[in-house]
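Next, two complexes with chain A in common: one pairs it with chain B, the other with chain C.
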Partner chain A sequence: MSQLPILILVLPMLLAPVLLILRNVGIMHSLVTIVLFINFFLTIILFQHVSSVENILYEVGNWPAPFGIRLNADILSVFFLIIINFMSLLCIASGKNLIEEQVNKSTSNLFYVAWLLCTTGFSGIILTDDIFNLFVFLEISSLSSYFLVSQGNYKGSTVAALQYLFIGSIAAVFILLSIGIIYMQTGTLNMQDISMKISLVDYNNSVMLALGLFLIGIGIKSAMFPLHGWIIKTYAYSPSVVTTFFSGTSTKIGIYILIRIFFDVFNNITPLQNYHLSELIIYLSLFGILVSTAYAIKQQEIKKMLALSSIAQLGYILLVAMLLIPEGITASLVHVINHSVIKTGLFLAIAIIFLNNQNIKLDDLCGLGKKYPLVMGNFIILSLGLIGIPLTAGFISKWYIVLAMLKSEYWYFTIVVLITSFMTFFYIWKMIENIYFKSTDNNESVAIKNYQIACITILTTLTIYFGIDTSLTADVAESIAYDVYYGAL
Partner chain B sequence: MTYLLNFILFLIGLLIILREPNYIKKIIGLNIFQVSVFIFYILVSKINNGTPPILDVGDYVYSNPLPHVLILTAIVVSIATTSLALALVMMIKKKHNTVNEDEVKLD
Partner chain C sequence: MNIILSHLAFLFFSILILYLVRKENFSGAAHGLISFISVIFVFFITFSFHEVSNNKIVLFEFIENAPISFYIDSLGLVFLIISNLLWFCVAIYATRYLDINKYDKKGDFYIFFLISMFATNAIVYSSNLITTFIFYELLTVATYPLVTFKKDEESVNSGKKYLYYLLGTSIVFLLPAIVITYIQNGSVEYTQGGIFSSSNQIITFIALILFTLGVAKSALMPFHKWLPTAMVAPTPVSALLHAVAVVKSGVYIIIKIILFIFGIEVIKDNGAVFIILLASFTTIIASIIALKQDSIKLRLAYSTIGQLAYIVLATAILAPFSILAAVLHLAFHALGKIMLFLSAGIIATRVNVKYVSEMNGISTSLPYTSLLLSLGAIIMVGLPPTIGFISKWFLIQGIIDADMYILVAVIVLSTILNAAYYFPMIYKPFFGPSNNTFTYKEDMFLVLPVALIGLISVVLFFTAETFIIFIEQQILL
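Up next is the complex of A and B:
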């Protein structure tokens, strides 16, 4: 049992070099699926153990903690670990023919290698208890995601990947510099050690600089409002299976780092209250929510529209987390998991219908309701979830968000939630109108595999299930939030 | 003083990445940007009158070796980033026949 955290990291990492010597794409795909399934299974066991028994601290190579590297599986990390591994498994399981169609044959084995390394990097960021390791895993996941983005079948895919590389590297260097300053001030790299020693350090300008740099780095990674520019191009030009994967995971990693560093590690010096950092983020994300939702209504391309909607939803997640009350952190964690499920489902539906992944406009949706009743039925339920209709997961998220806002001093922001829900309804309605109430002359149709329908139905079922029974989302999130808030993680 | 020079190097690198339209020059800027942070780590590890950290008899003041090791890792990451960026630039050159950001058309 105590070996579980390292197993989750090592399994996909070990498979990656094995894939390099294989030539058969079919075998490769099944191997990756099996390993990711085992990984998901292990995270479930880990979740049960951590939530019912105790946290697992794994010391790599048996070196004791402040000197060696330690993996820390507490309830917050396991919560995110399940999301990452579930989305990775689901996307790869449903994406076989998408990868065959869109990725160049000569590089498709490298595609699977990069996929595994990306998953390892994400899991590593979540599990590690060493702040420099966090940077290394961040770079592992980023480098492989630049490659994944560059494999799209657009002319602009490589350009999008290179631009993502520049902005991502800037973020990584900011984080590296910030880690350097923190090391300079505390003399340690272990997160729990930092959290104890940082309170002994005078609250001086260098700590402030470190926190600011870290915030900018995380802001880029989690698409915080003025730093969100990369997300639209990246989502629009990557292979559709990669878009589906990233929509549920890559920005959520930024949120995880934010919660881990600013609420857990630096809990003793309360960095967000000082210098009005939290207020700044609140107003920026409020502005971001309104602007990106307005742009989403205008947008004609569906992938870009969904990317803009992602920015708005991430704005909500950041906003409620920055209210700095336990209810706010609960709402933000609930919305992380619900938005992951809903947005992955929406992107997956678009991905499996538009196999060639070229310029998917709103008009291309015309008449699809008759052609693919099953997929489009799922699509509609998921998009209702995005608006926040009762009995879907989106409603639970909105409920907790509004509750948190009413509890805080920013109660008047609830109006913004209502306004943006209406605005979301506008662009969702434009899609529904095209799907069900317009016909088209185009009679071509793609054969949709049963396993793809199964995957999207799983996501829809989860959306409805999380909308009715909140014991897996809200109750867990609440216990995490109170632990984080009172520093008992 | 050295910290100030280092900070200027940091700003030069950031400015080149953000302002320069040529991708190759952008990559050079990225390298300058990363190296400025590496130098920062090395500066942190230096202790006044410190000797190289080699185990020897007697008590003496020695420089902190840990930042050097960390930076070794970061240099490897930086090399990987640079080579990936150069590979992407080669692909862009093949597809678009230019390495200038302003001339590249996305669609």
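Up next is the complex of A and C:
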């Protein structure tokens, strides 16, 4: 049982070089699917263990903690680990013909390799207890992400990948610098060690500088307004299976690091309260939510619209987390999982219908309700979830967000949250109207595979399930939030 | 198994059956049968009311202290009986109406109609604000396909407006109101005497305003515009949903919030005046606008807005007699207005008359319809000997009890306006100069359900006393 964390990291990493010598894409795909499935299964077991028995601390290579690298599987990390591994599995399982269609045959084995490394990188960020190791995994996942993005066969793919690379590297530099300063001040890289020693260090400007740099780095990674620029092009020009994967995971990793570093590791010195950092992020988030929602309403391209919507939703997640009350952290975590499920489902629906289309416009949705009744039925339910209609996961998110807002000292900003959440309805409804009420002369249709329908139905079922039974989302999130808040993680 | 849950489960599985067996002819008949069985359920609930009343059934808890749970009280029972009885009548009417008008996709129509009635029944049964909110939103979403049923430009635009108003207000006002209630009191259950304490007046007042604006289904101004636009829907929808189920759910929720969330004592010196002002304003302005409408359906829609405000007004006066009047008017207005809508539907389909100015002399070809239309109109104006008179009588009695004499003027003024805009609809069919010759005859399938409703209304007038005694015992403890 204690080997589980390292197993989750090593399994995909070991498969990656094996793929390099394989030629058959079919075998490759099934191998990757199997390994990711095993990985997902292992995370479930890990979750069971951590939530009912105890946290797992695994010392890599048996080197004791402050000197060696340690993996830490507590309830917060397992919560995110499940999301990452589930989404990775689901996207690969539903994406076989998407990858065949969009990725160049000659590089498709590299694509799978990058995918596995990216998943490992994400898992590693979540599991590691060493702040420099976190940076290493961040780089592993980022580098493979750049490659994944560049594999799109769209006109803008290369540019998007380059842009992502530049901005991502800047973020990496900020984070590295910050880690350096922290190491200088505390003399250790182990997170729990830092957490203890940082309060002994003279509370000085260099620590503040380190945290500020870290925040900017993480802000870029989690598409915090106004550092969100890369996300729109990346989502629009990646291969659609990559977009689907990233929509549920990559920005959520940023949120995880933020919660881990600022709420857990630096809990003792309350960095967010000092220098009004949390206040700053709250105002930026509010502004970001307003702007990106307004742009989403104007946007004609579906993928960009959904990307803008993601920025707004991430704004909610950051906003409530920065209220610095346990209810806020609960709402933030609940929305992380619910938004992951819903947005991945929406991107998946778009991806499997428009196999190889560039620039999918609003008008391209016309008459799809008749052509693909099943997929579009799912699409509708997921959209209702995004709006926040009761009995979908979105309503639970909205309930907790409004609850947290009203309980906080920023209660008067609830009105902004409510109005923007109603504005969501405007752009969603543009799509639904086109799908159901307009007809088209275009009679081409794509053959939808059964496994793709199954995958999207799983996400829809989850959307409804999380709207009814909240024991897996809200209850877990609440226990994490109180642990994080009272420093008992 | 509990009878309330059985009723809801029955409706739920009926939806599934209608969805799986989507055959044009089957759906209509099945829908009629489902509504009939639903009426039987309601009869059972009525007769075993003393055993089932105030018995909470918790389905599951998804937010702490705010589970999805159901119960039935006497106020709910009144609404339940009326809505299900009328549903049955409209179900018969609808099969014929859709045949004559040759709508396609009838199967979808019945499914969404059924979902709407399921949501309405669930709203009646719900025992807390969360459950109410869930089915309130479901009702909005389920009626949207019915409003846009014709799928032309006009109905799509109206549908959008419909959603903007109803979803918008519920998200921006109703949801925070419920959350405030939850934070303030730790509970959102409907409780006799209310759950708000009178300690924090500002928050109570804010919550009250949010609730009043948030339940836009009650069509109080300024969020009333959705109701006239929803009139593009086929007649059965306008009749049952937009004169009974949807709008009355709104009013029902407002009554419940006033009585069982705030409580008479708290609301008395904390915002009742606000509701009274808003409702009075709405009732008079809506009547004036109705006077100017030439389209029959629009005139009826604005009349509905005015009459709904009556019910809210009567509740907010908070005197025992006025609350009695509110409950009575909830039922009686439903009966009268649905007769008007259904008759208007018959007139529109049989002789293709959609405007009041064209109604001259239609009684020669549609004598029964014209008679039923007149009966409905008289109920709406509130003249004796019809049920409309009873509720108006108690309303005035309540006003006098509460010493708010100025409101008598409001009632009188709006009654005069009511009479003014209904008078042409009574006068013209019978006595108007009939220069155009209609050759159509009555269609008995369409007339019979309306006649049945007319009969119920007449019977109710003579048996009103038992009704009143029941409400007095149960509600005005």
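We adopt the following convention: the second predicted complex is superposed on the first by the 488 of 489 C-alpha atoms of A that agree within 3 Å, B and C clash if a C-alpha of one lies under 4 Å from a C-alpha of the other, contacts with A are read in each partner's own complex, and residues count from 1 in each chain.
Note that in this section contacts are C-beta pairs under 8 Å (C-beta built on N, C-alpha and C of every residue); 3 or more make two chains touch, one makes a residue touch a chain.
This one's a predicted model, so the numbers in the text were calculated from it and none came from an experiment.
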Which superposed partner A:L277 touches (first chain B, second chain C, both, neither): neither
Partner chain(s) touched by A:L406 [first = chain B, second = chain C, both, neither]: second
Contacts of A:L177 with chain B and chain C, given as first, second, both or neither: first
First, second, both or neither for A:L165, with chain B first and chain C second: first
Contacts of A:L418 with chain B and chain C, given as first, second, both or neither: second
Chain C-touching residues of chain A, taken from the complex the two chains share: 384, 387-391, 395-396, 398-399, 402-403, 406-407, 414-415, 418-419, 421-422, 425, 429, 433, 437, 467-470, 474
Residue ranges of chain C in contact with chain A within the complex: 60, 62-63, 133-134, 137-138, 141, 148, 151, 156, 160, 163-164, 167-168, 171-172, 175-176, 179-180, 182-183
Chain A residues within the chain B interface of the complex: 132, 135-136, 139, 143, 146-147, 150, 154-156, 158-162, 165-166, 169-170, 172-173, 176-177, 180, 183-184, 233, 237, 359
Interfacial residue positions of chain B with respect to chain A in the complex: 10, 14, 17, 23, 26, 30, 33-34, 37, 40-41, 44, 67, 70, 73-74, 77, 80-81, 84-85, 88-89, 91-92, 95-96, 104-107
